[in-house]
Each structure stands twice: as C-alpha cells, then as structure tokens.
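Structure below; questions to follow.
Labels run A, B, C, D, E and F following the written order; every chain starts at residue 1.
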Amino acid sequence: MGERETNYLSAEAEAALKCVSTATLTSQLLKRGFRNTFLGGLMPVRPELRMVGYAFTMRYIPMREDLDLVPEDNFTNLQRVAVESVGPKDVLVIDARGDLDAGTLGNILATRMQVRGAAGIVSDGGMRDAFEFADIELATYIGGVHAGRRGTRHHPADLNVPIGCAGVLVMPGDVMVGDPDGVVAIPRHVAEEVAHDALEQELLEAYLLKLIQGGSSIHGVYPPDEATLNAYRQAARNVSSS
Amino acid sequence: MGERETNYLSAEAEAALKCVSTATLTSQLLKRGFRNTFLGGLMPVRPELRMVGYAFTMRYIPMREDLDLVPEDNFTNLQRVAVESVGPKDVLVIDARGDLDAGTLGNILATRMQVRGAAGIVSDGGMRDAFEFADIELATYIGGVHAGRRGTRHHPADLNVPIGCAGVLVMPGDVMVGDPDGVVAIPRHVAEEVAHDALEQELLEAYLLKLIQGGSSIHGVYPPDEATLNAYRQAARNVSSS
Amino acid sequence: MGERETNYLSAEAEAALKCVSTATLTSQLLKRGFRNTFLGGLMPVRPELRMVGYAFTMRYIPMREDLDLVPEDNFTNLQRVAVESVGPKDVLVIDARGDLDAGTLGNILATRMQVRGAAGIVSDGGMRDAFEFADIELATYIGGVHAGRRGTRHHPADLNVPIGCAGVLVMPGDVMVGDPDGVVAIPRHVAEEVAHDALEQELLEAYLLKLIQGGSSIHGVYPPDEATLNAYRQAARNVSSS
Amino acid sequence: MGERETNYLSAEAEAALKCVSTATLTSQLLKRGFRNTFLGGLMPVRPELRMVGYAFTMRYIPMREDLDLVPEDNFTNLQRVAVESVGPKDVLVIDARGDLDAGTLGNILATRMQVRGAAGIVSDGGMRDAFEFADIELATYIGGVHAGRRGTRHHPADLNVPIGCAGVLVMPGDVMVGDPDGVVAIPRHVAEEVAHDALEQELLEAYLLKLIQGGSSIHGVYPPDEATLNAYRQAARNVSSS
Amino acid sequence: MGERETNYLSAEAEAALKCVSTATLTSQLLKRGFRNTFLGGLMPVRPELRMVGYAFTMRYIPMREDLDLVPEDNFTNLQRVAVESVGPKDVLVIDARGDLDAGTLGNILATRMQVRGAAGIVSDGGMRDAFEFADIELATYIGGVHAGRRGTRHHPADLNVPIGCAGVLVMPGDVMVGDPDGVVAIPRHVAEEVAHDALEQELLEAYLLKLIQGGSSIHGVYPPDEATLNAYRQAARNVSSS
Amino acid sequence: MGERETNYLSAEAEAALKCVSTATLTSQLLKRGFRNTFLGGLMPVRPELRMVGYAFTMRYIPMREDLDLVPEDNFTNLQRVAVESVGPKDVLVIDARGDLDAGTLGNILATRMQVRGAAGIVSDGGMRDAFEFADIELATYIGGVHAGRRGTRHHPADLNVPIGCAGVLVMPGDVMVGDPDGVVAIPRHVAEEVAHDALEQELLEAYLLKLIQGGSSIHGVYPPDEATLNAYRQAARNVSSS
C-alpha cells in the first residue's frame, strides 16, 4: 500500500474549483501541456452535486477464485480497508480497468464513506445498487451499472498508488473535480494556479456569452480581441468597485 | 419452436422478488455457484416499474434478404407468433446478439403484449419508438434505442429455446426479475429458495445500513459478527411480536 | 469547401416531418430501398425538442499538433467558419469518426448558432459543456459527453461535403429529422414524398393502436387487412366531413 | 435438435466451388440481392486447403455452472453428439457469439471429425490446440486462438437449427465454401446457379487480368465493354475447339 | 476532388527512408512534437516489401443504395478514377473509417495500379482477394481481409483531400513509409530532415545494439553517454576513412 | 516497487511444463477451480520457442506529459530498471491495459534482457520493432504491433506487484508457460502438481488420439472408460518395462 500525505489547496482554490466547469479545467490543463485529463465515458449518479476532493486511489486487477470467492475480511480486504480509511475531502478513485461486468462497490460501503465525510467516488467499473445512491449524499461517477458482486471480476490489489482510471493517470492526492459532464484529474502541482486561472476564464466567458446571446458574431469576441478584453476589464472594474 | 410449461413460484416467493434488489439476487445466486446471472448493459425504459415474471424466449439471428425484407405474416413470422402467445406473468426475452443497429420490437406490438397481461420485455438489441413506451405499462429493458426496422438486421429463428441474452444463459421458464439497475435471470430450480433468502438478506441489510448511517464502522457490522446478528434477531423478534 | 444550395421542402412536408417519428421515417425509407438511414447510438441533449432541418456538414479528421494545438483563427478554422455560416433551418452535422475522446463543440459556439437561427446540431463525437445546453434552445444530438477540447483529437477538414455520421451517409442539404429516439437522414430527392407518406402511415397506425389498446389481436389489424383499412377510411372520412 | 436432410449439389457445381474464390461468390450472391454472406473476421488454420461442404450447425449460448462445469457425457452433451454425427461433406459451423474467451473445440474431437470424413470446421469463437491442427487434414476457420475449455464460456444448446456465425445467417444444409480469405455461406436454393455463374465470372476475369497485366487501362476492360467481351468469347472458342 | 502537386524528396532522403524502420521514424517525429503518426492495427500483405511514396488519398463514406448498388462507371466512380490516376511513387491511402465488413479494393484494380508504377496501397478497411496479392509486386497494408464488395459498405466520396486513416491524419503528398511493422505518415514539410536524422539514429543504434549484444548493460549505452558517443564517432570515422 | 523472491519449481516440473500445451494446463487449472488463466488475444512473435519462467511484473498506466515526454533516465525510469533487473528464468510480464496504440518495449531493451538470460516477454500492449525480434532468441508474446514510443501512451508505475495482463491476474513469481497458442499463468502454489498432472494427462491423451486416428469413436475413449484406461496402463507398463 502506497504512502499518502494530502497537501490541501488554498480555500480560494477549492472554492474556485467548486464553481468552474470541467470543460474550463481541461482548457487550462491543455495550456500547460496536459492533453488527457478528463475521465471519459463516466456518468454521474448524482449530477446535481459538484465534487472537489483529493484522490485516494484503489487498484483492482482481475479476480482469482482462491482470493476473491472467499468471505471478506474487513482487516485484510483492501476494498474494506479503503472504506475505513478515506476521510474528509477524499475522493475514492477506483481503477477497474473499465470492466463493466460486475459492481465495484455497493450502497452500504458508500454510505459508510459518506458518514466518514468523503468527497466523492469515481469508478471506471460498474456500480451495484446504483439506484439506491439517490439516498446517499455523495458525488459518484461510474462507468456503468451492474448488480454483480465485485469478487466475480475484481481483486483489490493496492491502495494509494498511481493508477489509470477511465484512461487518465491519477496520482494519490491529485485534485478530482466533478460536474454534470464528468470528472477531471488535476495534477497536484499545477492545481492551485489552474483553479485560479479557470475562474478567471469563466468570468470572461460569461461576459462573452452574454455578447453572443445579444447577437454579436464570434469575430472579435470568441476568442476576444483587445477591444473586447478592454470592455470586459472595464465592466469587471465597475462591478468590483460598486 | 420449443415446448414450455411454466411452473409458477409460490405467491410468497413472487412477492419477495417484487421487493428485493437485483444486487441482492446476484449475491444469493453466487452463494449457489452461479456467477453470471445479471444481464449487463441493459437500461430500463420504465425504471419506476418492478418486474417479476417467467422467461418466454425469442431468438434472433442475422437477417437474410429473402426471409426478412418481405411482408410480415402474423401466422408464420415468429416475432408475431410470440406476441400473440405471451400471457400473464410472461416476460418476453429477446436474444438479439447485442446488436444495436436496428429495433427488435416497436410500440404497437408491445401494447398488444401489455393487453395480453405480459409481465415485461427484455431485449439485448435496440428498441424502436422507445420514447412512446412511456405510455405502455410494461417493464421494459433494452440494449439501446434504434428506430430502424427489425428486418434490416434480425431474423426471428426460434421461440422458447434456451438463449443467451446480454451474456447470460436464459432458459424458458427462468424467473426474470428487474429493478432500476437492470435484470437478473434466476434458474427456475433455485428460484424459490433464492427468493426466500434474498428477502432475509435484505431485511438484515436494512438493519445494518441503519447502523452504518448512525455512525458504526463496518467492523463487526458489514459483514455482521455474532453480536450484531443477535441484536438484529432481537430487534426483529420485537417487531414481529408487537 | 463544398458548394451548397439548399432546396427547401414544401411547408406541408416540413410540418409533417415535425410530427412523425423517426421510426416511421425509417419504414418509409426502407420501402424505397434505403436500409441505413438512422444515426445509431446518438442521444438527445434536449429530448423535448423536435428537429427538422437541412444538413450543413462538417468533417473532422484526426488532429495534428502543428494544425490544432495553435490559437484558433475565426477566419481560417473551418469549425469557426461553419458556426458563422449556418443559417435558419440549417442543421450542423459533424462527422467526428465516432471518436468520443474529446468534445466537438461547446456552449458558446452553440449559442451563436442558436442566435443565427440554426435548426439543430448532430455530432457523432463528444460534446463539451453538455449540461449547459439546457439553456440553449437548440435540438442537439451527440455521441457522448466529453469536456476535452476539440483540438486534442480533431481537425476540421471540410465543410459541406458528403460525410458519414454515426454510420450513415449524409449529403449537404439532406433532410435531418430528430425525435427523442434520435436522428434520421432523408436523402433530399425522396424527402417530399417520404414526409407525405409518413404522415399517412402515422394516422393509420394511431387508429390501429387504438384497436390494439381496445383488445384486438394483431391478426387482421397489424398489418391491417382490407376490412380494417376500410373501417379506417370510413372513420377518417367521417372526421373530415364533420 | 433440428432435422436435417442434405440435398447435395451436382458434381459440376461442387467442382466449380472448389476453384472459385470467396470474393467471386459474394459478387454472385450480391447480384441476387444477398449482401451479407461472408463470415467476417475468421482466419484459416490451414490456408492451403480449400473447403466445400454443407452446414451442420451447432449453437452455443453462455455457460451455466450446473450445466457446463460437470463431466461431459458423450450421449447428452450436444457438442459430443455433433462430433459423432457429422459425416462426409459436412462442415461443422459453430455459433459461439463471437466470444473468443475460450476454445470451442480441440484437436481430439477435430481428429475424430476428420476420420468421419468431415469437410471442415467453422467457428466464430476460439480454438484450443490450434497449433496442433497442422496435423489434421481438415479445413478449419476460427475467430481466434484460446487454450481455455469450452465449458468456462459456452453451453451447446442446439444442433442443426438456423444460426448466426460471424454475423451471417447459416441454415443447416447451406453450402459453405472456404478459401484463404475466409468463408462464404451460400443459401442452398441458389447455390447451383451461383456455382455455375461464379466459374464463368472467374474465367472471364482471368482473361481481363491478363489484359491489365499486359498494360491495358481499366477502361473498356474492367468492367468489359462489348468489344472486350467479343474478344474473350473468340479466345475462349479457340481454346475449346483446339 | 482536391488538387495535388507532389513535391518529391531528395534522392538521399528517399533512399534513407527505404532502409530505416517505422519505429525510428516515429521517434524522430515525436522529437518534433508529432505523437500520432503510426497507422495502428494494419497488417502487411507483403511484409518482405518496403514502401516509400507519396500519399494519394481516397475517402470512403457509408454506402447508400442508389449510389453504390449500381453498375460502376469508370469515369464517374471515384475509386476507378483513382486507380487510373495514381502514378509512380504514389501510395493510394484509403480512409474506410476502419470498417472491416467489406473489401475496399480487389486484385484486378491493384494489378492495374502496379502496372501504373504505384508505390503502395494503404487501407484501414478490408481487402478482397487478399491471398491473390501474393502475385502483385506492390507493398500493401490493410485493416483486415473481407471478400465482400466495396459497394455493400462504402461510397467513394473524394480524392486527394486530407483524410484520417487508421487514426492518423494524412495529407495528400505526405510521405508514406512502410516496413513489416506497418506504416507511418510523415508530414511533408518535415520529411526531408526526418529522413536524414532517422538514418543517423539507426546507424548509432546499430552500434549500440552490438554493444548490448556483446554484454554491455544499458547504463551509459542506451541512451548513450558522451563516452559512448565519442567511441561511436571514432568508429564511424575509421570506417569512412578506410 | 514490490518485493520478489522467486521460489523455483523442481527440475521435473520445469521439464514437464516445457513439453505440455497451454490447453492441457488450463484443464488442470480448471480442475482446481481456476477458470481464467489463459492470457487471451496475445500472439507469439517467435512461435517456435517454448517458454517456461517466473513472472517479473511491470505495471503501466496512462502517460502524463510531464512524466513521460522527458528524457529517459535508466536509474529512475522503472522500465529501464526492470530490464536491468530481470535475470535467468524471469519472464517480464507487462500490464499495458490492453492498449495497442503504442509500443511497450523495443528490440534493444529486449536484446539486453536476452543477454541477461531472461526466459521471455509477455505484454498485452503493442511491440515496437516487432519484426526485428526474429533475431532475438527470446520467447515473446504481444498484444499487437505498434511502432510508436512507449511514452506517448504509457507510464511505468510499478515493478513486481500483482497485475492484470490480458485479463488474467498475475502475481510476481507466478509460473508463466507459453506455446504457439499463447500464454498461461499458473499460480505458484499449485504449479508443482499442475505440472505433474498435466504431463500425465498429455501422455494419456496421446494414446487416446492414436485410438481416434485409428478409427475409434469417442464413446468409451474420450473421455476414456475403465476399459480404455486399463488398456492404456497396460501399454504404458509395457513401454516402461521394455
């Protein structure tokens, strides 16, 4: 099991990440050279909840009968250890190899994580009892729905090691942000500035969107030319000074 | 066409299956050695309806122009024969090889099945007029939505033979149970006891979930140790005697 | 960039296409020998909106770093040119090779298209900001949701050339019709008569559905025999003369 | 188990099918309206052997533990029954749903079929002991190689019923022809004339290919115009009269 | 149809490309920022032939019955136009959307291209008569083997426009290089220097490989440190001065 | 990086595994309850070489630009560390998530492993320079061929931890056996007896195959009844006493 010491973002950065979209975040990450940061193909079980937290990773590999079709021991089964280890602001991120032919977690364990204050669950495998997650206040993103037990397909092999989830590298402690479109993994060392710049980008885009809605063409507006930027800065200054 | 003589479950078992989840049922089946009983990747058209019924199977194979791009005769086309054969408690289960490039049934035939009292439709292929199923009181689970006619992809080859549907073996007469997560096929010869034990499992799990929601860790609770089980039995006794 | 001169349907045909289903349209097209006209696997972002319009096609090919990871110029980037070219009744149809690993368009450009009066968007790739489309009054059908930028996967290569979208050939000017099931592409030269016959088919089927709902078997009704057809014509005549 | 009474082709037709290519046969079938007759994605284990025979079909469905992880009884297990039923000119065609995660047959049973005079094996699933087929004089086409036992994935459900194999409808008794490219299924009722016309087409094409090799453009040659056809007929006449 | 004016590489560059591997070329392209230049998943029909040429592109889209199930006219059917247009050093590159359910070309047309002096064929679709390509002296790379006619799946829509082939952007005139591993597309404007540097890299690697074969560890050797590089330069100088 | 202490099999067991087939081994493993031990979909680069060795595992996850598009350091890059760590009887088993869009190793590193005495390479990803492996005396099994560099898709994350490869759980030290069909992973703790029993099974099957080749039906022979077994034992005794 890997070591993990979470290094929290500033309160301002966490607040910014709660309101920007994953689309904006991928744009900011692309500016820094990261092309592949959106976990593709996941669906939100509770799309009305936003998620911001720090990756607590769990790695599944294919099951083997002598390891996984046996009674589960909460002290040695790493899935169970994980559930009793996640704490506030943690997002449990499960690498299930995109295998949708079994569940990777169920509603009782998820409830325990909610009680422990977890910030979310992300799995590129299936989820059992998915419809019962309506009663759990926990942002959850899954590859699909499957009622089968984990042990028929998956063996929990590791906690808090770097993993791939939905095609994206996730390090323990990476910042995981979710909105109704899905989930983005932000490398920890760029997260503070990405959060800041993403918020700035969204404020500008909100202004540009209003121009477009008002009938402007995209020329000079999207992307904005100097005149549009100046008008925006002027408008922003007026707001902040009012 | 295969022979089929449905052997109904007890009323108690049918009632139990109406309220337990498919996740619970796969757990019970796994205990009996059946690993692969959940029909993966299907979606409910009417998730608010629960389904319990007996499999009436229909097998599709790839179309051939001289058989399937011709006018349909209700007396020889096996799809039509099936629709006029299903009766109360029957679930029409269609093996469409997971091919989503055409519909496998439409709203008029589904309406006829509803009038005949059918308990549901399960298809691992596409469904035409899917949005019109909102008006049909029939639990329906499909692989996807496709407006194309069956004949462009599928030839109905058999009724009431063993089939594979969504990767699971389904015998005519198997017990088909659906909830918002999807569908499980219970081999007929174990269905009575599975229904009974599934209900017991869910009652216990409801109790355990309350403990978890109240702040218990999973240790000693999930799975429950002897003390937890005794407390549960005591609580259950009090209820039944009140 | 291809030439394109839209040849509009009659007002009657456009009206008919607004109320018939894509399932009915595929049946009418199959009668004329066209088997493959439904764009499979797309999902409506705004299922409550019906779409009728004329294809304005855009072709994407795989990205290349020197072309697509550079600032976008609204005058040379064909995606941007497209957005400022679509007009009323146009449906932007994007051939993204079914690649769901990036977005193909976002909410600001879509808003601009709405302001320009476009009739819809169809893409077999991903869509950014998909949840923000709830605020855009534009029928939109997509292959999936992905927050990543277009440039990480796609290069816009052509406008208004024949394309494949979701497995179907689409010519510029083809009639694109969408309902909650998805999208059908009607070759322009048969669209007028398809629209007419589809409406007739639906009127008849509404009558047949009522018979089925009232307890009729499908024999003699679906497909209808001469007696049923006569009864229908009589009923229809009474309505029109009343 | 279905009934099956093989209706052999003429000796001339069988001889013709032994020397024409599957590409030519799909062209002849397309002329008669059959678009989908080539079993895609199969590979020949013994590409140097040509195959002509009559389909003896076997249908596999997903395994179930109580049926398939038990000792095999040669009298009830349909796979074993099939092996002891095929006779001269029979091609065993296995519908394994394209599932490559187990073998569908092994070298001992294949050897028995060779001794019984079978004409070939076609499976859209995996094959065990594939490399040992080098010692078996039997044209064999498979979806892939897999050393796992059939019972871990497949249950033999039926013999001599219509099946789908590699996406193509195959009726018992259909004419199965294989060359190094793969396998084509010819509907029995058109096979005699298809065989005849395919041979004619190939003779003509051999002539055209010589012209192309000699430097002719394809204009007037491929497809041939009347002058080319006359030259061909003249050349062919000279041969037969010499 | 796009315009195309081939701008040939120097004789030295062409010669270099004939002997370096596609693996070396992708390394050189990656150094220049191009990550995605190898056409994945293709197989060589004639692995013993090396290919160097200039892309002549052809774009296929899904077929439509009124366009593609009609007799082929060599003057209007773009596939036929292409065959009679390719000349020496041309490589016909076909974008078939990775669809393997039909052939994209057959042996007679390929023979014509050979006679015209073409340098190769690359298709991400299927190939008819694949086994007959053994008789055609033409480097050919295909997605798979399929005996079915092009018209059942594909419509030739364009010549010499930018395309995607096997997931890679290919411009008309791009340099296509093939070895037994497959095909790489080199953007024309970097091809001269890539060819030069690739040859240098291979000469160095041949030296390093000998060291490794002789028992050196990779430390200091792969990648080479300054001492190893000096030794290599010395060895190379001795050779050239001898 | 995980710990790894290889516990070698007896010389008899290693010898047995060198001559039995992977098909026989999966049968023996299935008898012990292990259903999923064959690494599906791999192809041998050198099918004429048999492989027996002990798993040295390497885990790849998706690349990230700041980690993988940088110069490789032989002391920190785990792929390089692995190459300089494998020793005699080691099989390097790479978990590349089945991603075929880049190479996972090339010929120079493979050559170094050969010099170090490695027993083989197994990767469920692509292989660069695959055709150059003809010159390396090393049993190698790969998911496919791809000339692209590892860093464009993969980050080496771990050595000698449990992994999944081609859908099968592989523990460090598991016994990896390869034949022309592919590779089987034998859990270390059952490998000694599996090797023994597999050899016995093959000797018996060789006898049975001779009976089948001589014209016996499978009844009483495959599976063998008591009479056949007695005859076999008698024959075997004669051989050993001669």
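Points to keep in mind about this one:
FYI, a residue touches a chain if its C-beta (ideal position, glycine included) is under 8 Å from a C-beta of that chain, and two chains touch if they have at least 3 such contacts.
Note that the structure is a prediction, hence the values are computed from the model and not measured.
Shared contact partners of chain D and chain F are E.
Contact with both chain A and chain E is made by C, F.
Per-chain CA centroids place chain C at a distance of 51 Å from chain F. Chain C and chain E have Cα centroids lying 37 Å from one another. With touch defined as above, residues shared between interfaces to two or more other chains in chain B number as follows: 35-36, 167. Taken as a graph of touching chains, this assembly has some other topology, since it is neither a line, a ring, a star nor fully connected. Within the complex formed with chain C, the residues of chain B that make contact are 69, 71-72, 74-75, 80, 83-84, 100-101, 103, 106-109, 111-112, 115, 126, 128-132, 144-149, 151-152.
Across the complex, chain D meets chain B through its residues 33-36, 61-67, 97, 155, 157-158, 161-164, 167-169, 187. If you check the complex, the residues on chain E that touch chain F are 21-23, 25-27, 30, 35-38, 40-41, 47, 167, 179-182, 184, 205, 208-209, 212-213, 215, 217-219, 222-223.
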